[in-house]
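Dropping the structures in below, format is structure tokens.
In the two assemblies presented below, chain A is common to both, partnered first by chain B and then by chain C.
Take a look at the complex of A and B:
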């Protein structure tokens, strides 16, 4: 098992890395003791989006499939949670609503992914089709304001958004505040560890091989379409998890959380962080969400401009991603310092490993 | 016994007929070379056999099973292994991982590690096993791809110009490698331009010209055929 955690597809290996990981985890676990409830709630909110970023990292960075459809599956599971939670009632059934809504998102990903992958859609066209699906869903939900648009007792409510669902609960205990924060931390650790094990397994080997050279992978006897579909379903399912948790957290969801500006955000997070590594995506996305939220308090427009600027800067200066580039720079600096060699630049460290997408 | 049986296969691209009503039999245990001048249709026929192109007409049997409509991965699972003309490796992955991906369906754990080491040593790539495959020289990438093809332990090894870009020494070594695997029972079908290499490995030769079978037989018979010499080899080769 440890071999899978420390395998070749993930940067950050060995005792020093895992010691840092445990230290950060310990810090995260004791954070609510020192922070006020507002900040703890905010941190829970940031963590909700990390699943979507990790899912995109898996699809884009490891699988070579640039999906613009993360908010499509976010929306399906988000609205799915709302519809299920309202119709099934509150309490412990919200746990079932979360699970079912993620499964619905994964089923939708399996259908859409099947037609795209078996239809031979790849490269930039993969992004275009997923973006189109996202915009269609956002447009459709935007015109559901009338009372005729309901599923059971749950009204979709158009741009006013769906509301009235219960938050996550076990019996009479609502999972909010610090409890929600700890659930988020536990889920992040589980998903992160599971994804590390996946990408370092023999399945992960084929996923990466498919990104690098799908024809060669097929000529080694692998039906690359099945591996691509698996990657797409898992990555999209993680976006669904973000959507269901988001609706549960805020007890509302609107089409604007699916539309174009929202759909572009995961791309920016993952591109800035470093799409080819899960740890870089985890850290970078959290930092960006924190920064975005902080700036949004003063000006939402300024925050959006900053996101665009960061994306441009990433493409120009560190196409492999800033967090990953800086991480590699630190490792290179340490290694060269011991050998007394000149240090590389960020552009050197951030060179693209693969520019397939 | 025929391992590959190509029956009346044709391939048209619009108005161009690249391969026309070709019959080809590759017997189990032989090294069979497919030769011909540029534009003869060798690579097209190769791609039809491996499944990269669907034929316009005809059928292809492998081990007596009709594989005409199967995708390349399914043909590989039946016992084919393929090396394409241009080096086709996973350039951004380490050399060892390239071999590992080829081996992982067949072996695991210590057995797989031992086989990785054996193949890397056999291909003179052991000292470069941690390098990215894209950092290898052209000839080394050719060997790496041959190693990946061999890792599958196929019944039939299909090689499209395996020595393109190799030095004479590397070419000779590749030929010896192919002969050693053939001696262990592996059937090999090679598309090749280099006549020295063909002389080194071929047991049977098929000559393609303008998309059709022009001649077939053992190498000496082909070399003495004046029509073959005219269209492809040049008189100096024939004598």
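Take a look at the complex of A and C:
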């Protein structure tokens, strides 16, 4: 179990890393005691998007599948939660609504993924087919303003967005404010640990082997398509979790959180952070979301220009990602100082070193 | 009866022109360099804005459209030199780089120009067959789409540049060894591609509302046409457009634009399952 946490596919291991992890977690847990409720709400809002980033990191960094469709599944689950919560009523059923909406997104991912992966689509085409699906969904939802567009009693409302669904609740207790914040923290820790264990397990090794060389993995006897589909469904399901949480957080969702430029955001976070490592993605995405939100208050366009610039700068200057690069420099410097001898060169981020046991 | 037939042809021509004009530039760049230009929509937007700007200054529409296409082409050459050139060995990164560029351009335009610009009306003129009336400009667009296809055929099949370009497309290292300046060929091809995007924007500028995000209207159509066309764009793009236009026309007529677009997407997803290499792979096999 612990071996899976500290396996070869993830960076950061040993006592120092996990002490830092626990320190950050402890800080996050006591944060609401000191901060005012507005800031806590804002933090919950950033944390919503982390799942989507981690899902993309799994698909792209570990699986080698560059999906531009994270907001597609975000939208399906987001609207799914809305439709279910409105039709099934509030209270504890919202928990069922959130689970069902994520399952719907995963089912959609399984169907789309089946056609693409069994068709042998990869690389660039994988990106543009998923992006096409995303944009078409956004266009479709954008023109559903009329009263004839409804599912049950839930009106889709076109560009104005769907609203009026209940937030997450258990019985009469609405999960808001600090409660929602703690739910988010718990979910993130669970997802992060689970993904770490997944990528370090034997399944994860096949996923990485497929990224490195699909033919070779196939020759070794693995049906790579099944592993790719699994990766795609999990990654897209995490985007769906973000979507469902988003709708329940704000009690509304519009097509603009699906189409352009929203579709580019997960790509920017993960590329900037360093797609080949879960921890780098977690940290980097959070920093970017924080920065983005701070600038958006003044000008949304300026914030998006900055995001575009970061994406361009990342691929031109640090294709493996800035956060990952800086993290490696720090580790490099640390080990050199401790050993007083030339540090062993870290294997480049694309292929992590194998377990030397 | 002939009026109905013509009406069907007219609707087909309308969709076909839209697909060809929006996809041609993207297809050329993809076919030559294996790069998908995510800023394609922004070059279309550039063409549209330059056209409208020039027309508002008093330049006649056709001249403005040609100048707009040339402008987009020249900007494309600069972009190729500054950015795209570094990514020919890393096609996935080129996708990200051009997407970053696209974000920067769209959002800067929104900041600088604002959301709406005074448009220019669609050129007047219509004709009637039987009891139906048709807009002449839509047929002009169809003519332009056919002209683009013929023009590309001549450039790539009948000129010296075309021979070298096709050689580069097949095997860049070998072409370079034989003395072709592949770097220059790439720059010119990228310029042709973005110039065609500019032309698309210029031609559709009179028919649309000008907003900085208008490029998004075209990208789905251009993506799916290129995907269905497959790797050999010179062979695949036109049949792909014919095929998609038929589906789209049938659905548009009975269920409206958005269902047409959704239907086209479903068709594409089915196609890639059956023919992952696109239509051109079938044509290449037949040719042998």
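The rule we apply is simple: the second predicted complex is superposed on the first by the 336 of 357 C-alpha atoms of A that agree within 3 Å, B and C clash if a C-alpha of one lies under 4 Å from a C-alpha of the other, contacts with A are read in each partner's own complex, and residues count from 1 in each chain.
Just so it is clear, a contact is a pair of C-beta atoms (placed from the backbone, for glycine too) under 8 Å apart; a residue touches a chain by one contact, two chains touch by 3 or more.
For clarity, every value in this text was computed on a predicted model and none was experimentally measured.
Colleague: After superposition on the shared chain, which partner residues are touched by A:330: those of chain B (first), chain C (second), both, or neither?
Modeller: It touches nothing on chain B or chain C.
Colleague: For A:30 in the superposed arrangement: first (chain B), second (chain C), both or neither?
Modeller: After superposing on A, A:30 lies clear of both chain B and chain C.
Colleague: In the overlay, answer first, second, both or neither for which of chain B and chain C A:264 touches.
Modeller: second
Colleague: Touch test for A:186: chain B only (first), chain C only (second), both, or neither?
Modeller: neither
Colleague: Under the stated touch criterion, name the partner, chain B or chain C, that contacts more residues in chain A.
Modeller: After superposing on chain A, more of chain A is contacted by C.
Colleague: Going by the contact rule set out at the top, does A:66 touch chain B (first), chain C (second), both, or neither?
Modeller: Only chain C is touched by A:66; chain B is not.
Colleague: With the two structures laid over each other on chain A, which partner does A:96 touch: chain B (first), chain C (second), both, or neither?
Modeller: It touches nothing on chain B or chain C.
Colleague: For A:20, using the defined touch cut-off, is the partner it touches chain B, chain C, both, or neither? Pick first, second, both or neither.
Modeller: Touch partners of A:20: none, neither chain B nor chain C.
Colleague: For the complex, which residues does chain C have touching chain A?
Modeller: Answer in residue numbers: 34, 36, 83, 86-87, 90-93, 95-97, 99-104, 106-108, 110-111, 213, 216, 219-220, 223-224, 226-227, 258, 261-262, 265, 268-270, 272-274, 276.
Colleague: Which chain A residues qualify as touching chain C in the complex?
Modeller: Where chain A meets chain C, its residues are 66, 112, 115-116, 118-121, 123-125, 127-129, 131-133, 135-136, 139-140, 143, 259-261, 264, 267-268, 271, 299, 301-302, 304-305, 307-316, 319.
Colleague: Flag every residue of chain B that touches chain A in the complex, lowest number first.
Modeller: Touch list, chain B to chain A: 50, 52, 71-74, 76-77, 81-82, 84, 88-94, 97, 100-102, 104-105, 145, 148, 152.
Colleague: Taking the complex as given, what residues does chain A use to touch chain B?
Modeller: 8, 202, 205-206, 208-209, 212-213, 215-224, 353-354
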